[in-house]
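Multiple structures are listed underneath, in structure tokens.
Note that chain A is present in both complexes that follow, paired respectively with chain B and with chain C.
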Partner chain A sequence: MSTATRSLPRTIGAHAILITYTMIALFPVVLVVMNSFKSRAGIFGAPLTPPTPKTFDLIGYTTVFGQGDFVHYFQNSLVVTVLSLFFVLLFGAMAAFALSEYRFRGNTLMGLYLALGIMIPIRLGTVAILQLMVATGLVNTLAALILVYTAQGLPLAIFILSEFMKQVSDDLKNAGRIDGLSEYTIFFRLVLPLVRPAMATVAVFTMIPIWNDLWFPLILAPSEETKTVTLGAQLFLGQFVTNWNAILAALSLAILPVLILYVIFSRQLIRGITSGAVK
Partner chain B sequence: MGSLKIENVKKAFGPVEVLKGIDLQVNDGEFVVFVGPSGCGKSTLLRVIAGLEDSTSGRVLIDGADVSVTPPAKRGIAMVFQTYALYPHLTVKNNMALGLKQAGTPTAEIERRIKIASAMLSLEPYLERRPAELSGGQRQRVAIGRAVVREPKLFLFDEPLSNLDAALRVNTRLEIAQLHRRLKATMIYVTHDQVEAMTLADKIVVLNAGRIEQIGSPMELYNAPANEFVAGFIGSPKMNFIDGARLGETAKTVGVRPEHLTVDANSGAWKGTVVHAEHLGADTNVYLDCEKAGLITVRIFGVYNAEPGATLYVTPDAAKTYRFGADGKVLR
Partner chain C sequence: MDTETMAAETRAKRPIRWHVGVFLAPAVLVYTAFMILPLFGTLQLSLFRNIEQSQVFVGLGNFRTLFGDPNWSVNFWNALRNNVWFFIIHMLVQNPIGILLAALLSSPRLRFTAFYRTAIFVPTILSFVIVGFAWKLILSPIWGVAPHLMDFVGLKSFFTPWLGKEQYALTALSLVSVWQFVGIPMMLIYAALLSIPDEVIEAAECDGVTGMAQFWKIKLPLILPSIGIISILTFVGNFNAFDLIYTAQGALAGPNYSTDILGTFLYRAFFGFQLQVGDPNMGAAIATIMFLIILAGVCVYLFLVQTRLRRYQF
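Showing the complex of A and B:
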């Protein structure tokens, strides 16, 4: 920002609002992480204070790693999220390219049909999906989850990406065609890098609901082998006794992978925005 | 090698007919310019020639061979785009090399061609840079270089200069003219700037609303326009068109170029009042409101002092006055 466009009261005001919002948004997260390092007495005695030498306790983490197969749950979550994300981005981008680049009969109709999924929640079809998975023998496999999440993520991905792909210069694609590049090379080498910011946005929007989902793992893959972290954490949520230490520790650990993925994508986002215009 | 023949090419986007039957013959080594107003179908015609767009009907022949089913890369053409369209992730050198690599040209041959082209276009200092690190003029030269290294039968340019500023445009125009002379290649060049058309072309094709209005050398179009549209489109300032009835003529419209009118303070054919004068140094454009002819433009060579409101007489050069019929065609 240049000095000419900066005004002190306005800067202070803007920062005050942003800081307040950040604190409100981070408060629950901080509370979870803080209390995960405390003993049970510490959590209930003074939930809002950070761990002191007296209340500090790693019992939550030792329970999580000791009981159940948490490392395995983590692996499951990660496999499901990353693979679903990969397929959503790949198929979403390909469909978006076809819709925005090629003139064929029923193009608009196809676009509308693919975007319809944004408005209809996939959970409405749970019963049918379950029947389908039973019939195909995919119940209690990670593949079931990956398929469902890919379907769930595609509509928004196609919608956002096709808007962005329309903006990619026709001349550039035509230059590629004259140089003898195949349509696949044009798509992967010329178009995809230019819509990278949009891909990162779609990735973030797709990833978080998948990672946090409890519904489909509970219904389609509740077996010990295929449990995800969110489902695994339910282990400590008893009808009569709840192991808060373990739950808080599990939740704190569950934040880490999403955080790492988010950092990766947001870096792409910023690089895309600052890489400059096409011309 | 390098001739082009277009036979009755039509192109429609849905119900909209953009090209309404184009016939054209371009000989080997010719520099042909397509001119016409915005939206008349110049780029569409060029894209049909390149194979980036299928024609609805008609044939395109390059060197006598029908290329209707030949993909763009195999047609022996190269194209330079208005927006440069350089590959943003590749260096200047790789931008030029990509097409040749795709065609399986040996590395040594690629190196040789890039060396020649970059020397021709003074691109040597920038070979390792990416397009984002170049100025507009440099980018357009890279785009031209990318076309040159392919050693095509046919160069296609789609308004290559319209994103450049005026000074750069003159320079690059000169470079393209030199390039044509040196390579002796066939070139097709699209522009809506008639100065570019007049200075570069061996042959100008004037397009309007999807039809060819006239084909001819720059001087043919200037001296013998076939119709009112061409007469108005070629020449700057624009030809004056005067309602024939007002002059007591049988023709629907009478046309006379601003440079074919002489002014006199005391006597002449038409009496008028000076509305405005533009002083360009080498010439002066005077806008006159005439009793008989309405608002007309007169181009006077050199400096001429004309105050708004002053009375002047103009006389058209009878030998250089054009008469147009009701259908817009010139009457002879």
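Showing the complex of A and C:
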């Protein structure tokens, strides 16, 4: 690369802009987490300074754990996310395999049909989904959420996974067939392990919107037993508008698990996006 | 032996290949039952009205009410107008910032890019509930963080409680949404910039095209397809938005409906609010309009934008 593109002022300028924007991106998160560890006087007196021994206070966290049933909401979110993810990955991989491996009549049409859901949001069908759930008695059950999220996640999962499955060597699969393996064994034993990196990418893409969704928990499962952590946090924040310690503590509790997961999986997520999976 | 002859042979031996059906069935069933059928069910419901406990076919009657009856149309046009503004802000602010950040990140031999990428993407993974409330607190005049910060740069006199003022609230919330989602255009454009072959850049440099000129004349035309993709993703996301407005301003999308968009309008029509009873048929009519808007956007993208942009792809 010639020196013309890399002058010192240009590099400094690039860093300056990136650092500024990084601060804009992280400032609200840092501010909320920092102030959640302070007393009320500390929150209002000096919002921009980290907690000092004088202002340090855990009153917000004790209020949150005393009031909302967050452990239970957390369990609900976990059950819904993990099961939806499992079904999206299993059913998605199976359908992707069928579409990329076999030639049958209507293959392309089926691919297009399944891809429709990438662009058209499932939310627009809410009125009929609620009627369906009422008719089948699934309202206020986690099963309703799991079914809807599975349907929501499938189109993109199938699209990405079939791109990857096309790259799996035919020789390998045919060798398996000659050895007398059934098509199911070929799929589960030969193909699935080879597309594991793609599955991880799909998993991250599927997980974030499910965990963060507010619309369907609000409409399909708002009861106390089935509340997810996102809905629980929303209602809790609504009730405690004036209790700033509790609000900041609840927000921090909602931020931290996602942030920890993100830091662990960010490499996978970013590699997935930049490998051109979403095209 | 290639797959085609293999498949042909299998077909000859076993006329019905059950395993293909078994592989496809679960996905197709769940997707059809919980996505496609409800979508068409909703479109169908929008043509009926509940009169004396029974569903009566009224043709386009609900749409006439939506566009013409002042009880509905005032709110509808208001929500549509707000939604268009919401989208314009995203296109004018989110996507240019995303492109700028991606262009900087992809500059050769810049250090700490992995850190910047990870940090700038953090808001995108947070839930709307967190984002909405955190910004509500920051912009709140009670806490005083925003005026305090503006004081540093001598702009304190410009502070007003943006979320509480009709003329600013929607723009302020759009910018919060921009803050949250800027990571997506940044990542997609970054990926596109990385995929430009080195030979193209080297050829440009041999011809003396460097720096800004190189970005405008060489790289930008090459990443146009990705800009098309982020535009359509932004469009679909914006006309389907609900959560941020709901968490920050509630279902009434205050102050005085100034932040009402189609998603919150749909929610109120469907579930009712305060004294008004929910009306599934009107809700379905609004969802149908949203569906048509999104479908129109996707069609424009697929048939006009994408076919023209493909020429630039490698």
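Following the convention adopted for this analysis, the second predicted complex is superposed on the first by the 217 of 279 C-alpha atoms of A that agree within 3 Å, B and C clash if a C-alpha of one lies under 4 Å from a C-alpha of the other, contacts with A are read in each partner's own complex, and residues count from 1 in each chain.
Going forward, a contact is a pair of C-beta atoms (placed from the backbone, for glycine too) under 8 Å apart; a residue touches a chain by one contact, two chains touch by 3 or more.
What you see is a predicted model, and the numbers here were worked out from it, not measured in a lab.
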{"item": "Partner chain(s) touched by A:L124 [first = chain B, second = chain C, both, neither]", "value": "second"}
{"item": "Contacts of A:L190 with chain B and chain C, given as first, second, both or neither", "value": "first"}
{"item": "Touching partner for A:V29 - first (chain B), second (chain C), both, neither", "value": "second"}
{"item": "Chain B versus chain C as contact partner of A:S39, first or second or both or neither", "value": "neither"}
{"item": "Of chain C and chain B, partner touching more chain A residues", "value": "C"}
{"item": "Partner chain in contact with A:N174 - chain B first, chain C second, else both or neither", "value": "both"}
{"item": "Chain B versus chain C as contact partner of A:N243, first or second or both or neither", "value": "neither"}
{"item": "Intersection of the chain A residues that touch chain B with those that touch chain C", "value": "174, 177, 275-276, 278-279"}
{"item": "Residue ranges of chain C in contact with chain A within the complex", "value": "1-4, 6-7, 17, 19-20, 22-24, 26-28, 30-31, 33-42, 45, 97, 100-101, 104-105, 107-110, 112, 115-123, 125-131, 133-135, 137-138, 143-145, 148-149, 179, 182-183, 187-188, 190-191, 194-195, 205, 210-211, 214, 229, 232, 236, 240, 242-243, 246-247, 263, 266, 270-271, 280, 283-284, 287, 290-291, 294-295, 298"}
{"item": "Contacting residues of chain A [partner chain B, same complex]", "value": "169, 171-172, 174-181, 189-190, 193-194, 275-276, 278-279"}
{"item": "Contact footprint of chain C on chain A as seen in their complex", "value": "1-2, 4-6, 10-11, 14-15, 17-18, 21-22, 24-26, 28-29, 31-32, 43-44, 47-48, 87, 90-92, 94-95, 97-99, 101-104, 110, 113-114, 116-117, 119-132, 147-148, 150-152, 154-155, 158, 170, 174, 177, 182-184, 187, 208, 211-215, 219, 230, 233-234, 237, 244, 247-248, 251, 254-255, 258-259, 262-263, 266, 269-270, 273-276, 278-279"}
{"item": "Contact set on chain B toward chain A in their complex", "value": "47, 50, 52, 71-74, 77-79, 81-89, 98-99, 102-103, 132, 146, 163"}
